[in-house]
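The two complexes that follow have chain A in common; it is paired with chain B in the first and with chain C in the second.
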Partner chain A sequence: MKIAFPIMGNSYIAFKQLIKEMGHEPVVEPMISAKTMSLGVAYSPEFACIPFKILLGSYLEAIEKGAEVIITSGGHGPCRAGYYGILHQKIIQDLGYDTKVVVFDSFTRNIGDYIRKLNWLLTQGKTSWWKFYKGLQKVWLKIKVLDELEILSHNIRPYEINKGETTKVYKKCLELVDETKNKSQILEAKDACIKMLKNISQDRSRKPLKIGVVGEIYVLIEPFANLDIQATLGEMGVYTERSMYLAHWLRENSNKSHHEKDVIEAAQPYLREKIGGHGINSIGETIMYAKRGFDGIIQMAPFSCIPEIVAKGILPRISQDNGIPVMTVFLDEQTGKAGLETRLEAFADLLKQRRDGRLLKAY
Partner chain B sequence: MGNIKIGFPRALFYYAYYPFWYAFFSELGFEVVASSPTTKYSLDLGVQETVNDACLPIKLYHGHVAELKDKVDIIFMPRMVRVRKMETEVFCPKFLGLPDMIRNSIEGLPRIIDERVDLSKGLFPVWKLCQSVAKQLDKSGVIVWRSYKKARRCQNEFHRYLVRGIPVEEAINAVVTGQSCQKKEEYETDIDLAILGYPYLIYDSFVNVGLFDKLGEMGIKPWTVEMVPPERLEKQGKYLSKSLFWHFSNRTIRSTLYYLHEKKVDGIIHVTAFGCGPDAMVDKLMELETKNTGKLPFMTLSLDELTGEAGILTRIEAFVDMLRLRRKKNENSISHHG
Partner chain C sequence: MKVYLGVDVGSVSTNMAVTNINGEVLESLYIRTIGQPVKAVQDGLKKLGEKIGKDAEIMGVGTTGSARNLTSVLVGADVVKNEITAHAVAVSRIVPGAQTILEIGGQDSKIIIMRDGVVTDFAMNTVCAAGTGSFLDQQASRLNIPIEKFGELALKSQNPVRIAGRCAVFAESDMVHKQQLGHCTEDIVAGLCEALVRNYLNNVGKGKEILEPVVFQGGVAANIGIKVAFEKSLKKELTIPENFGVMGAIGCCYLAMEATLEKPTKFKGWEASEFSFRPTSFECKGCPNHCEVIQVYENDKIVARWGDRCGKWSNASVDK
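Then we have the complex of A and B:
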């Protein structure tokens, strides 16, 4: 069968392989573009968040390419994302397609349903559970490698001497990883990529500003949705760290990592309830970045994202208490790159002046 | 002790649970003060205090709290989490984080009681909730039990009024003052419209610019979420492959299904707030369900802080004209009510 799945950052490279391991044909092309966005916007509710619209657009494009099944993750709220699959299915049906959306809800809550759906996919693909298990290990490794390479690229970019070089090399790295098929190839590609990235000529004497990027998972991970904010900042000479990567999230969803507990604890004085999505994380991570001496925080969220609006309402107090500037960027289909860049430059300037002032006082 | 004032903002869950808390606190010996009905002033206060991306109802809640804060000793602001025995049905995330939002945006607040309301687990969760609230007010013993019983009685009475189609404010008034509710003289109506949405929009007559009176004048009989018999409402869940995650949203979508499948109406109007997160999903679902099941006319009325009376009126008039035309067309062949 031809199977499509949600595209989020570079993870498509790993998920593509997952579909192949199941014995199906993945539909990934075309990648998210302005056309995807306008398709999604046309058929989505006006106030749905940007991930909903982008995903719907990409599903519709995949259907044009012949996708018969769409696999996606579910959820149990209160974030709207948990209901995406159902509503996507209804809208796709209403448009007259018979493509099926298969939603995988949380494994622990509905194990029977999970296994039944997986079994159906494997039977259709004539793949045994054992073969699938082996494949899954490779895919998991790939996800981790992809995240590692992305983090490395963000660490190097603010130091690069030739502007734009890191992005070029990183693209090559993605291609390399994309070509790998088994464990040894993945590891080999990883080593080669790390070497390539480290070989970028850098000026290590720079003292870049440090900005923590927090917010909603989809817009943090998908560069099309966040207008490539981390690369933009990196090329402005700002070091960024982001609170959310796919491997990290998947791990958290299976069992609570140590980090997640710290984040929730840090948020306690300001927010005592889990509000769905990553609202509490935005609060907790902000406090933790502040404690680690970051110069500023950028909160990224889709326009109308409920948990992040609550977080935004609380962040000014945290900014005051911890002495860390926070800028919130709500993204929607109208957000333009030039406008965002201007805001980022102004924010970085402000942070720089603040830091210089502090340093002067210290002498 | 009698003069300690407990404030209750007239917004959000006020429209669903005020009679309960009013009875509980007054029986415990406190004076309960609700903020005055929404005005331009409370709205402006709210817009000033709230994070700008919040929806209208949340801004209104902030406004009502700001208006109350200097008039009372304690503000009761429960953190509404779950009210049914369902793990996955919570309130909108903005309700979940409401006390935290208020604390971090409004200055000079009096004492706040933000008891967590989670009735999904355990035995007698409401009684336990009441005990816990009473404890924070230094009350214990038999008086708490008596207040609890009274509160439950009042809340049940309130629900009985609602099912009969008494508007919320009148029902609250009747329960609170202990007078029986006089049914207002009825308008002569020829069209049944389901007016569905969250109680804090449907029944705040400032926000919805006096919707119900206007409907009556136009000869429309409104049917609301609260008028669906509770046991019938519950049954509608079967039409949904997966329940929504939000309490009020589930009520709205289920009553939509009820008016599509059981109690036939001539059309459905969804009243929603500009920027409401859950409603982005609910509205689309309602639209698709109405289209697929009942082939009924459907309209969405979106309210925001700039909503003008004339605009709303024009839209409803157009909708109703369309319904009457439709009926005329059908009359020649088959009667609309089958």
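Then we have the complex of A and C:
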């Protein structure tokens, strides 16, 4: 079968392989573009959030390319995302397509349902569980490598001497990883890419500002949704870390990591309740970045996202208590890059002034 | 005489300021942009050049405003800065000790919080323009009142009406409604001023600690009605600097001063007002993003490109 999946950052490279390992044909192209967005906006409820609209647009593009099944993940807690797969299915149906949306909820929630759906996919693809298990390990490795490379690119970018070089090299890295098929190739590509990234000419004498980027998972991970905020800041000479990568998220959802526990604990003085989405994470991560001596925090939130709105309401107090400036950016299809750039620039200026204790060098 | 030039090209107006090396404002200029930033900047340069060109030597140039990148290409800027920093820099020198800056321009409004001389917080309007100068402009022309008279008229009001100020369109229909009910123009005008202030404080100013001295600037600071409405609502006195309308441009002068401490200016000369600048755009078909790339021709040479996500065009060497 031809299978499509949500496009989120660089993860498509790994998911492509996952579909192949299941014995199916992945539909990836085209990548998210302005056209995707227009399509998504045209067929979405107006007050759905931007991840919903982008995903719907990309599903419709994939359907044009012949996708028969769309695999997506569910959500839990009071966030609309848990319901999005079902709503996507209804809209796709209403538009007259018979493409099926298969939603995988966290398997810790309903393991029977999870296995049933997986079994169906494997049977259709004539793939044994054993073969799939072997394939999954490769995919997992790929996801980790992709995250590692992306993090490295964000670490290097603020030091690059030729503006834009890191982005170019990183793109080449993605192509290299995309071509790999087995474990040794993936590891080989990883080493080559790390070398390429580290070879970028850098000025290590710079003392870049450090900004932590927190917020909702989709707008954090997908650069099209966040107007490429990390690369933009990096090219302005700002070092960024963001609170969420796919590998982290998958680990959390399979109870393999305890980072989330720390985050929730850090948030306790301000918020004791999980409020859906990544609201409590935005709170906890902000506090943890502040403790690590970051200069500022940027919260990225889809316009109308309730968990992030609640978090935004609490952030000013955390900002005050911890002495760390916080800026919230709401994103939707109307958000313009020019306006965002002005705010980012002004925010970076503010942080620099705070760090240096004066407005300008001259006086 | 050695001077610095600051240019602030916004949606509604193009402002220029010239300061001497002591930071004193020698000349300032306010022109309507009317959607033609290139022409506005060149007109401004020409006027300034005629006034002071003979005996002034430009030592540095700074640009700000939404057209700051375009402008920097036109004039040859030494520093290109966002409006927040430019305004804060100007205020820190002109009103030392200021803790809050309320700035209302044509299409954006901002609040800047300063403590101990540095910016500690700021906000700009995001989804709504009901708290900006354009809104007042529009309503003034609806009521057939010259915008210059707007403030004075508001002061004559005994009993301002309450107008829904959440959104420019609803405010307008609410205003029409109040007119039809028979309220007098003064009360409606004063009501509009209060609606704008309420909207500003509830949107841009939300959650900000507004401490004195409070500086009020931007084109709208010319409107005494707004000033009074702010003072009434905040119960604080507002300071309006002498050059309230061109503070962004003045800030650019100061920034330019700093940027040219160790290197010569890139100023293209007053002749730049005679150059033929032609911005054009095209849609790049290199990938599905279909970026709209802007390129600026100076005479027949491309001097700048921007607008692409990947840097393919903006990083490509342009003939200098």
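In this text, the second predicted complex is superposed on the first by the 356 of 363 C-alpha atoms of A that agree within 3 Å, B and C clash if a C-alpha of one lies under 4 Å from a C-alpha of the other, contacts with A are read in each partner's own complex, and residues count from 1 in each chain.
In the analysis below, a residue touches a chain if its C-beta (ideal position, glycine included) is under 8 Å from a C-beta of that chain, and two chains touch if they have at least 3 such contacts.
These figures come from a predicted structure and were not determined experimentally.
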Clash or fit (per the criteria above) of chain B with chain C on chain A: fit
Touched partner set for A:Phe47, first chain B, second chain C, both or neither: first
Contacts of A:Gly66 with chain B and chain C, given as first, second, both or neither: neither
Superposed model, chain A: greater residue contact from chain B or chain C: B
Touching partner for A:Pro316 - first (chain B), second (chain C), both, neither: both
First, second, both or neither for A:Pro325, with chain B first and chain C second: second
C-alpha centroid angle, chain C to chain B via chain A, nearest 10°: 80
Chain B and chain C, minimum CA distance [Å, superposed model]: 6
Chain A residues contacted in one complex by chain B, in the other by chain C: 316, 330
List of chain A residues in touch with chain C within their complex: 30-36, 163-164, 167-168, 228, 316, 325, 330, 334, 338-339, 342-343, 345-347, 349-350, 353-354, 357-363
Residues on chain A engaged by chain B in the complex (per definition of touch): 44-49, 52, 74, 76-80, 82-83, 86-87, 90-91, 94, 270-277, 279, 303-307, 309-314, 316-317, 330
Chain C to chain A touching residues, read off their complex: 66, 81-85, 88-89, 92-93, 117-122, 124, 126-127, 207, 254-255, 257-258, 261, 287-290, 309-311, 315
Touch list for chain B against partner chain A, complex: 50-51, 53-54, 79, 81, 87-88, 90-94, 96-97, 99-101, 104-105, 116, 241-242, 244-246, 275-281, 283-285, 288, 291-292
